[in-house]
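Right after this note come the structures.
Each of the next two complexes has chain A plus one more chain, namely chain B in the first and chain C in the second.
Then we have the complex of A and B:
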């Protein structure tokens, strides 16, 4: 029996190999030119496919790289994304087990060469647990992503963040103006950036590493729930390393990569655009605010040789 | 009325995959293959309670264990100990002559919302009110270590307990957690 509508929902996976899932254009010429991003899939990751789609929509090739492949082969890629989810079921502590695996040692080495590394949500937890973020002393554990306060558990909602460092400092926010406010969703139970290292937060400000902070729709940084959804120190939502090429981000940009994903009641320009787009599928497929994170990554790769 | 500490050690009846993953990571990825023989884990609750005597405190402890806040009897078992505050040595370290040595490490969060919720549930939902003092929650890791001496085993446990970098330590992130090696 035919199912006329089923075709609409088929995923756009063009190739599936035994240990590799390549997603992208079928044009080999185009593939050669595009930057190739490895999206690390740990057991328990659950955002790798939508992250791959956001990468592809931003003009890069995406390949899902499973945890049990040879970590040394990661050096073939131009950049890396550790997506959200629950790597190793958050056993011991969110991100703690993944941080000890050979994949992270390879990524650590590649990041030192200047390659961009983005950790989203659980990926941010992995970057913190591996000492790549904040990376003032690379490899040293300088922070934690502690359990949320305020909600006493898992919290999932749209929030606003304000770009808090200078334009161009972070490889992943090159298309954001200083003080630009935009919405993104959070979904985590352990997202509170904390440190017991004296002077670390101040030095991170000095280095321009505090990239995104939770704010009101007007860009006011207020330390109250739900503006600060998890009690994070100084409302920190995203931190980059001193060089700017490694970025740990608790909100999910891949869930805000298309206008159709953005709610229409957040009181910002994206909500207004969403309301205006009702009735036009073409407009709904326009870029959402999270797309700029991935487009910034592409722009960094195209303009900063490493 | 005196203050007593009730300790509940809760363990899974089934295989503990968290302990197994910690053991495998320490042995396969972090170089402890020859010294770390086994890892076990229990959830540890310490409830401060006002009671007339030790027997009453133990009775209260059994009632707390039956609330299902701390123990799910479908999958967990519980060992209960009660002692007057300041007199008991809770979770004593087992020391066998000649090894291997079992070293306990208690890891807990500086701010633990689950412990606060449990305290509030005992006080308000179950009506124990002001008898309930502080409630603490942690994980008791039991590391079975091959070592030349108890001190050497303890040193290894310290190294495993405190995460200081990508390559060293696993059980505690000192920026959000604290630990005690027993």
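Then we have the complex of A and C:
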């Protein structure tokens, strides 16, 4: 116990909610060995536990990997998630310090082999700072996540995003149809994707890298608050690298992974489902929209050899 | 002892007082002489500072203890731990044969927030989450009840600066730490211009067999347990903090007092607290089967925490101040002993665990590299005697019988009723009640609180079920054990205007409203905390307000009963007293007992929001309308009047109504429920139409005031703040709801219907009283304080 390199194993949740099957995933993963995901824990991370729960609920194994463990040992994992929080206190810039540490060097190398990497909120900031996103020129700092406009600082609310790339392009949206709209919460003070590089956004569109954009409930991409909650360029909420296996996402899928977490007043099918589930605790444990992000990750790992 | 206060030499009180003042001690001459007589010698300067703090209002409750003891109901069948430690614990649920509890703490950080709003409100959260965490709990929620000055008055710019700063401090700290903010309430009143109130409530969950106590474990003295200090290196920040908390602001002392506000660090706290290093230490102790003591350092710093832990375990303590890790040179021993540097804990552990505990903090979790100078250090030993001893540079600088330190002192304060000549405003019923409603909806005390709570992270930890703005209380489902259905609801309340008219009803209404709010989501009100914010207790009128407030709080808690346990109170499980809340001109704040109510839900899937959901639903009013508009938003917005007829809590009816609403929700009979409070029935109905996230698909409502059996005028029916509820019921469930109320002997009024067209129409028989589009109502309500807080 408490060896410097001790691992934190969380209790396994083996039950996969019924909606999973409906969404088209095979149940064969139960028979195979579960894929193992490292959830990177920096000083200041604060979403690692719920992210681990969402990963486990999606039929994968989750292990929280503390920042001062041997970074080289990360290569034994099948995939990586950099969770939300305030890594290294957002010193210099959000995500900037974490991006310079050994852990990200290892992940950079593993991603080049095709392993899936998801950065949520502060994790998205780390991916941008480390040059993995947009990754048009890997390792180069081509974008930034700038302070929100529209509100005074931090903004937390549920928003809608529209899936804006082809189905199958991004490892984390394999279960979303093109143009599918779904709700997720945002919670950040610096979430505005910006770039000074001319033509970058255009080539990202060409590459199919603009995965999710903030929209109205019926999928209209309107550049106004609160539809675009932070003033992000082209309402961009999530970007993948050209290969599609690295994904920087500002909204929090782990906070929308169960129906119980979903509000009943967002005016979409999930709000409707939440109301239908009223009074049934079992139904509240069914999947929310964010679960499909993690299930896509699992499906990618099971079906794409890398 | 090197530095002593020459009490015996200074026979004249004025000379002694001069000396005390020179030493910057807050003790009175009489108190200094009392110390000398306890010790049988002249006290050292360090001893004086320690007792100055131990005897401060903040630590010893010297003015309030008698009253609290006389009135407050603390015992109930669901109490796991009452107020004797840092936080109270009530039963939540049994999962897989093990009982879980909710841990609750409630604190104020009023004075620091007035002088440095960002730092003050941030350290307020920092302190209260430590109170919950140090019981061994996982911190799962915070909520901030806030009271600011008049945002439209002559000092509005200062008020806005404070309000914006407080909001910033709360989000910067709470969001970074990773604790969701699930509620709170906000009032604006000019009595808070010079003295805002920033209260904060924190909740945790814990398995009953894993509770850790804030005391030296049994046998710690004989076995010489180690005393370990962990966290930020001690500096001089917050020195004199509790004394500052017990002073009156104004007269230029604000500038001077800024040094007494602590500096916060949610980043270091995150590594200590958020299921990181502290929980690794608890796990170690559990695995080894060894009991440890664990306590946060708050007011009074090291001296307070260590003496309280020793005294609670009937042991002595021996501390070497030179072993305390510090961040500055040349610190005085009294500053090391009493400074209130944030983000620190004190542990008492068996010697065989010490090495591993140090390694967990200093190596596994790498504290020295997280924050310069932070670490865990062994600073002393538990002893079997009864002496509280501190060493410094080879000298004993403190040697006091430990129980003398912690037993505090008690003052008998004078109490004198405030005589106020209040009257009801006389006026004609306004012709256009629609316009009146829009004005009330846009008022600072009614309008949408989004401008504040959208800055809070309401989602972190992933346990949110109902968030601020969706219902009267926030709801979380924090137990992660498979098979758990338990939910926790939290609401905070306390209308300062009611207290201004009558401090007793201010207290009673705060309790009743907090309980109603929790009932509206379907939770059973199960525990209360009280943060009692008043003026100067040495002023007999302010003290009377305090006493009346406590009496009101207690009466309500006793008379509204714990559901399922007739004649047992809803227990007060934690609390705080904040005195000396006055303006420089000596005017007390509006008497403000702020109540938090924790509700327990057996099944969170029944948690109900307050938005009207389906056209053709019946709308029921619970609770008669009385001529109770004293302190109402209607009087204030329309006539600038306070009035006199403050709402009364009719305990019997109130209790039955609360229970019936809960029963209706657990039977699945309701689509929405919302309590009636500020702004009365009209505002309650309006909020049910406009609340939550903006969406074009909102509903409308048609109401007939004649259905309410009351001789009141229409405007008074609409705006009276007599307590009650509005329920949305699908037509098929109408009879079921009526039966539940009838069985309890309560009359309810079927006052209207939800309609598809988003229009709010109120009639009185044939006469149309008002007709407004819901979008106009929404605009007024959302616009209210949003602009002011931009």
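Here is the rule we go by: the second predicted complex is superposed on the first by the 274 of 306 C-alpha atoms of A that agree within 3 Å, B and C clash if a C-alpha of one lies under 4 Å from a C-alpha of the other, contacts with A are read in each partner's own complex, and residues count from 1 in each chain.
The working rule: contacts are C-beta pairs under 8 Å (C-beta built on N, C-alpha and C of every residue); 3 or more make two chains touch, one makes a residue touch a chain.
Keep in mind that what you see is a predicted model, and the values were worked out from it rather than measured.
Novice: When the two structures are overlaid on chain A, which partner does A:89 contact: first (chain B), second (chain C), both, or neither?
Specialist: both
Novice: Regarding the shared-chain residue A:157, is it in contact with chain B (first), chain C (second), both, or neither?
Specialist: It touches chain C, and chain B stays clear.
Novice: Taking the superposition as given, does A:279 touch the first partner, chain B, the second, chain C, both, or neither?
Specialist: So A:279 only meets chain C here.
Novice: Applying the document's definition of touch, where does A:108 land relative to chain B and chain C: first, second, both, or neither?
Specialist: A:108 sits against chain B, while chain C stays out of touch.
Novice: A:147 in the overlay: touching chain B, chain C, both, or neither? Say first, second, both or neither.
Specialist: Only chain B; A:147 stays clear of chain C.
Novice: Of chain B and chain C, which one touches more of chain A's residues?
Specialist: Touched residues of chain A are more numerous for C.
Novice: Return first, second, both or neither, reflecting whether A:303 touches chain B, chain C, both chains, or no partner chain.
Specialist: The answer is neither, since A:303 touches no partner chain.
Novice: For chain A, which residues belong to both interfaces, chain B and chain C?
Specialist: Comparing the two interfaces on chain A, one with chain B and one with chain C, the shared residues are 88-89, 152-153.
Novice: Using the touch definition from the top, list the residues of chain C that touch chain A in their complex.
Specialist: On the chain C side, the touching residues are 164, 168, 171-172, 175-178, 266-267, 270-271, 274-275, 280, 283-284, 287, 356, 359-360, 363-364, 366, 370, 454-465, 467, 470, 477, 480, 482, 485, 603-606, 609, 611, 613, 668, 692-695, 697, 789-790.
Novice: For chain B, which residues count as touching chain A in their complex?
Specialist: The touching residues are 17-18, 21-22, 25, 29-30, 109-114, 116-117, 163-167, 169-171, 173-177.
Novice: Along chain A, where are the residues that touch chain B in the complex?
Specialist: Residue positions touching the partner: 88-89, 91-93, 96-97, 99-102, 104-105, 108, 129-132, 139-149, 152-153, 192, 194-197.
Novice: Where on chain A is chain C touching in the complex?
Specialist: Counting only chain A, the residues touching chain C are 1-2, 4, 6, 13, 15, 43-47, 49-50, 53-54, 66, 68, 84-86, 88-89, 151-158, 185, 187, 217, 226, 252, 254-255, 257-258, 260-261, 263-267, 275, 277-281, 283-284.
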